[in-house]
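Each chain carries a letter (A, B, C and D) given by its place in the written order, and its residues are counted from 1.
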Amino acid sequence: MKSTEQLEQQLKRHSKAAKLEIWGKVVSFSALLLIVAVVVAIIGFVASKGLATFFSNHVSLWDFLSGKSWNPGVTDAHGKPEVGALPMIVGSFLITILSAIVATPFAIGTAVFMNEISPNKGAKILQPVTELLVGIPSVVYGFIGLSVVVPVTRAVFGGSGFGILSGTCVLFVMILPTVTSMSVDALRSVPRYYREASLALGATQWQTIYKVVLRAATPGMMTAVVFGMARAFGEALAVQMVIGNAALMPGSLVDPASTLTSVLTTGIGNTVMGSLQNNALWSLALVLLLMSLVFNLIIRLIGRKGRLQ
Amino acid sequence: MSKKRWWQGLGLLLVVGLGLFAYQTREVSHAGESITAVGSTALQPLVEAAGEQYTGEHLGTFINVQGGGTGTGLSQIQEGAVQIGNSDLFAGEQKGIRAQQLVDHRVAVVGITPVVNKKAGVNHLTTAQLIQVFTGKVTNWREVGGKNVPIVLVNRAQGSGTRATFEQFGLAGHQSKTAQEQDSSGMVRQIVATTPGAISYVAFSYVDKTVQAITLNGVAPTEANVITNDWKIWSYEHLYTKGQPTGLTKNFIRYVQSAAVQKSLVRQLGYLSPDQMKVSRDVDGQITKLEGAK
Amino acid sequence: MINPKTQNKIAIGTLYGVAGLVVLILMALLGYILISGLPQLSWHFLTAPAKAFLKGGGVGIQLYNSFYLLILAMLISFPIALGAAIYLYEYAKDNWVTTTIRTAIEILSSLPSVVVGLFGFLFFVVKLNLGFSILSGAFALTFFNLPLLTRSIEDSLRTIDTTQREGGLALGLSRWETVTRVILPAAVPSILTGVILSAGRVFGEAAALIYTAGQSAPALDFTDWNPFNISSPLNPMRPAETLAVHIWKINSEGIMPDAKAISSGSSAVLVLAILLFNFAARYLGKRLYKRLTSA
Amino acid sequence: MFLSNDITQNTEMLDRHVVQPADPQHPTILSTEDLHVYYGKKEAIAEGDLRFASNQITALIGPSGSGKSTFLRSLNRMNDRIATVTGRIMYRGVDINQPDIDVYEMRRRVGMVFQRPNPFAKSIYDNIAFALRLRGVTDKHALDEIVETSLKQAALWNQVKDDLNKSALALSGGQAQRLCIARAIAVKPDILLLDEPASALDPVSTSQLEDTLLELKQHYSIIIVTHNMQQAGRISEYTAFFNQGRVLEYDTTSHIFTNPQVQVTSDYVSGNFG
């Protein structure tokens, strides 16, 4: 049949759409490839520098993770360099967990307010407020921390005012908007009929929120909190300006302490590329990277659990 | 569609044409020589200001001055990535630097003094007391003649030139106890000024009425005492080059070391000029009296 | 057990309190920045070049540099992020490779920017010999910005219903045509908001720039718009200190007598600029949305 | 550009699932042979062998999850990315389920309208014109004409002719669904696939839509998935009954409704289950 062959030909011709499709795939895939290359390059770079501490400088991993004395320029009694990163690791975790503990109730409260109680005011006032808080540069947060939070801490608790407490205050404000907006998303994904069913059964608004909405949104809000913690863990400039940067095991919340990022930022310009001091700092960056991976895995795990329920 | 294409082509042509025109009419003189100096943030303002003056006087040159820290400056000059490395330290003091490849050009002298919070009630100490304070043997100002206020140590960051100089000459080589660290002099001064019992150390130029400078072993931290080496805590500011400098680098360093800069900029920025010094000091801290010193 | 109604009242009252407190925190923050910074602002401050150690310097060049760098960084990063987001959301199969890539991008976004800055320094400034320049800075900012922007564009694509995609495909359009002609226009308001918000972050970024765009702001000749001249504002190869870097520098080693005033003034300018970005994002987003939905 | 209706009369023997349109006026335009659809390893359609008559309305009915939508979406390969489709889909004698078929050209000929109205976030005019522009129709007059005819065929012209530049998102549900039909027929397809097009509409809009479909069958061959028995009865010439991924019965609509061969079909059409 001639017409069938003709049709087949028409249907098998490469149309403009098909050509565009290939072009689009190539273009967008190369963009992705570029990003992947960047990510791989940076991760590879940090890893190669960070691992050099252990391979070229022969520092034992255990000493690095459990040592309490950070002084890479100095060798201890056994002729080994003092690269104990424990104070910074503890400091980072402490400040992260504390700020998450403080921020969570605020964030969830605000999110519930925005989504359940007064969506109107939420959209008009709180939405812009949280977005603004995200936008304020960390240099400015540090500047305010230094000129407001630290003096207040000093006046109330004595000491120098620098320490985990001041860092927590600054980080609390910094991660609040992130956790809030993600919690709002979590609440928003709870189907409307959940609420309607609960209200129809005679529950008060609070009972509905507490027993139904929050329950249903728990995985999403846990993700939000972990996400906020990841942000807190990686924040550098603002924390560095208020924590005091003492590579000591934190004795109390108002003693100067340090985090991985603060030591990294403070020290990196003062060390020579390729030296042990420099490599040790990159090892800290590597720890940061791995922690960020762990946070990500936790988020994924929560997400998967949430889906299974 | 074809009309749109046509406009697109015209636009492209215009951009290319403008670019070519711009390239043709660029100021060739400015495409001349350019050098980069990287390193110490403390030294940056001096070199920057000198660089601006120099390029103002010598059209067609460009001197790019960046901070990044002494460590960055020395490692980049060692790599040959820049022409000048600004350093607060002798290259030999910095770990990981092969100093013999680098040529030292001293451009300024900086005196460093311990400063304490005014509420500590202390204005003089001995070196032994200072060491006790910084190594944590003494924890209250009462024990060294001050008021009953606990001592709060504030250090500069590890690897900072100021800290290295202070530990070497102020603490006679003792390591300071680990304490809070700040990576800038301005911050240190602010903290010492506002924290009761705080002690730290800054360059003379940062001392103001908000903090109390310390007289050490009866010697006051003054420029006159630095010149004679009676005040021991001082250091040079260095410009390092890889091998002997040539061309613009050489001319610029010579300019910075010239009387014009040494008598104006260096003094304005609160440094002393090496020309004023009656002694000279080498990397190991050996002091030589300078003959014919003014 | 308290009466559920009372309980309800208490709980909702508390929530009002919490929300009010959050607003109060922001107000206090903004108030502090503006009250300490606004008195420093003047035409002179906004336009004059900075002074190294004398008082009376301004932030004119830094302000210009911030904007120029922002535009360059956005010009480089937006197309890449857009392409990557399209691939990730529209093409990529949901398998472990995609998950790995997403995780990697997330990790990059949580690295401290100083690490990105140092990488940029070693790679662009030293290795590619771009020197301390706006271009190096723009690339570093691109690195810093890509993960955030990709994620935000992907989220914007997600907000567009799949039925729109099916509608395009059913007309015999390719997926690419559907995305570029149907999905992207519909997602423009939300993409724009994401872009402007990330522009705010880029604008305030300091640590990634210290080692790439540099910390010095050579004098500019604002009458010379030939990008090949070293003093031309358009030259991408000159070192350029931005406003955020300036704040950082003044706070650390500033030796001018009015350092504190300049730093509060600069903070105020920075925050005002970001406020402006935010309002622009809201306004443009709303307008575009209106235009698209009711022509 | 289009083939006339000189379709081959296929006269091979039919099994229970395959019905040859009896009317020589309406020869087969589309048929499936040995069609299987898998989601991963799970088989969603087993042996869907059907023939569809040209310029007629064929209804696919069956309980939810019976695979009727999956079957429909496989016909113009909308399921390509999410499912594996094996077997042949013969369109005018050409197997369009081959990898080297250009799916875009094929989908232009086999159009589709979805359950929920999905007008693009563009003006009414652009909703219809934009796919044509992408295919190289740039002449303003030609476009105007196609937009007008399509809207007229979809019985929407009179309601929107003064608002062509208004956003399509402002239309009511019924109007939006007609716009989607107009959009689909603007590219001059041969076959229209409709996936429960009236399920999101009110009764008035639904009945208007049915009238429109009856008009449209003069120009297009229509296959419609519906869960509404009465609708199938009102508009379709043929009805296929799906259950558990299989076509249990396929016959003229009147046969299916009055004289079903299988018990399940009888239960379903009489409303006893589903």
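Just so it is clear, contacts are C-beta pairs under 8 Å (C-beta built on N, C-alpha and C of every residue); 3 or more make two chains touch, one makes a residue touch a chain.
Quantities reported herein were computed from a predicted structural model and do not represent experimental measurements.
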Joint neighbours of chain C and chain A, given as chain labels: B, D
Closest chain to the centre of mass proxy, which here is the mean CA position: C
Chain pair, most C-beta pairs within the contact cut-off: A-C
Remotest chain, chain A as reference, centres from CA atoms: D
Centre-of-Cα separation between chain B and chain A, whole angstrom: 35
Centre distance in Å when chain C and chain D are each reduced to the mean of their C-alpha atoms: 48
Whole-Å gap separating chain B and chain C, where each centre is the average of the chain's CA atoms: 32
Separation of mean Cα positions, chain D and chain B [Å, integer]: 79
Contacts with 2+ other chains: residues of chain B: 41, 67-68, 72, 76, 79, 183, 187
Numbers and ranges of chain C residues touching at least 2 other chains: 172-174, 177, 251
Of all residues in chain D, the ones touching two or more other chains: 104-106, 134-135
Overall pattern in which the protein chains touch one another (line/ring/star/complete/other): other
Inter-chain touch pairs (all): A-B, A-C, A-D, B-C, C-D
Touching residues on chain C, where the partner in the complex is chain A: 4-5, 7-8, 11-12, 14-16, 18-19, 21-23, 25-26, 29-30, 32-33, 36, 79-84, 86-88, 90-92, 99, 101, 103-108, 110-116, 118-119, 122-123, 143, 146-147, 150, 172-177, 179-180, 197, 200-201, 203-207, 244, 247-248, 251, 263-264, 267, 270-271, 274-275, 277-278, 282
Contact set on chain B toward chain A in their complex: 41, 67-72, 74-76, 78-79, 94-97, 152, 154, 157-160, 175, 178-183, 187, 190-191, 194-196, 198
Touching residues (chain side chain A, partner chain C) in the complex: 17-18, 20-21, 23-25, 27-32, 34-36, 38-43, 45-46, 105-106, 109-110, 112-114, 117-118, 121-122, 125-126, 128-140, 142-144, 146-148, 173, 176, 180, 203-207, 209-210, 230-231, 233-237, 241, 261, 264-265, 268, 273, 285, 288-289, 292-293, 295-297, 300
Complex contact set, residues of chain A against chain B: 69-74, 146, 151, 154, 158-162, 240-241, 244-248, 256, 258, 265-278
Contact footprint of chain B on chain C as seen in their complex: 52-53, 121, 125-126, 131-132, 210-211, 214-216, 218-219, 226-231, 239, 249, 251-255, 259
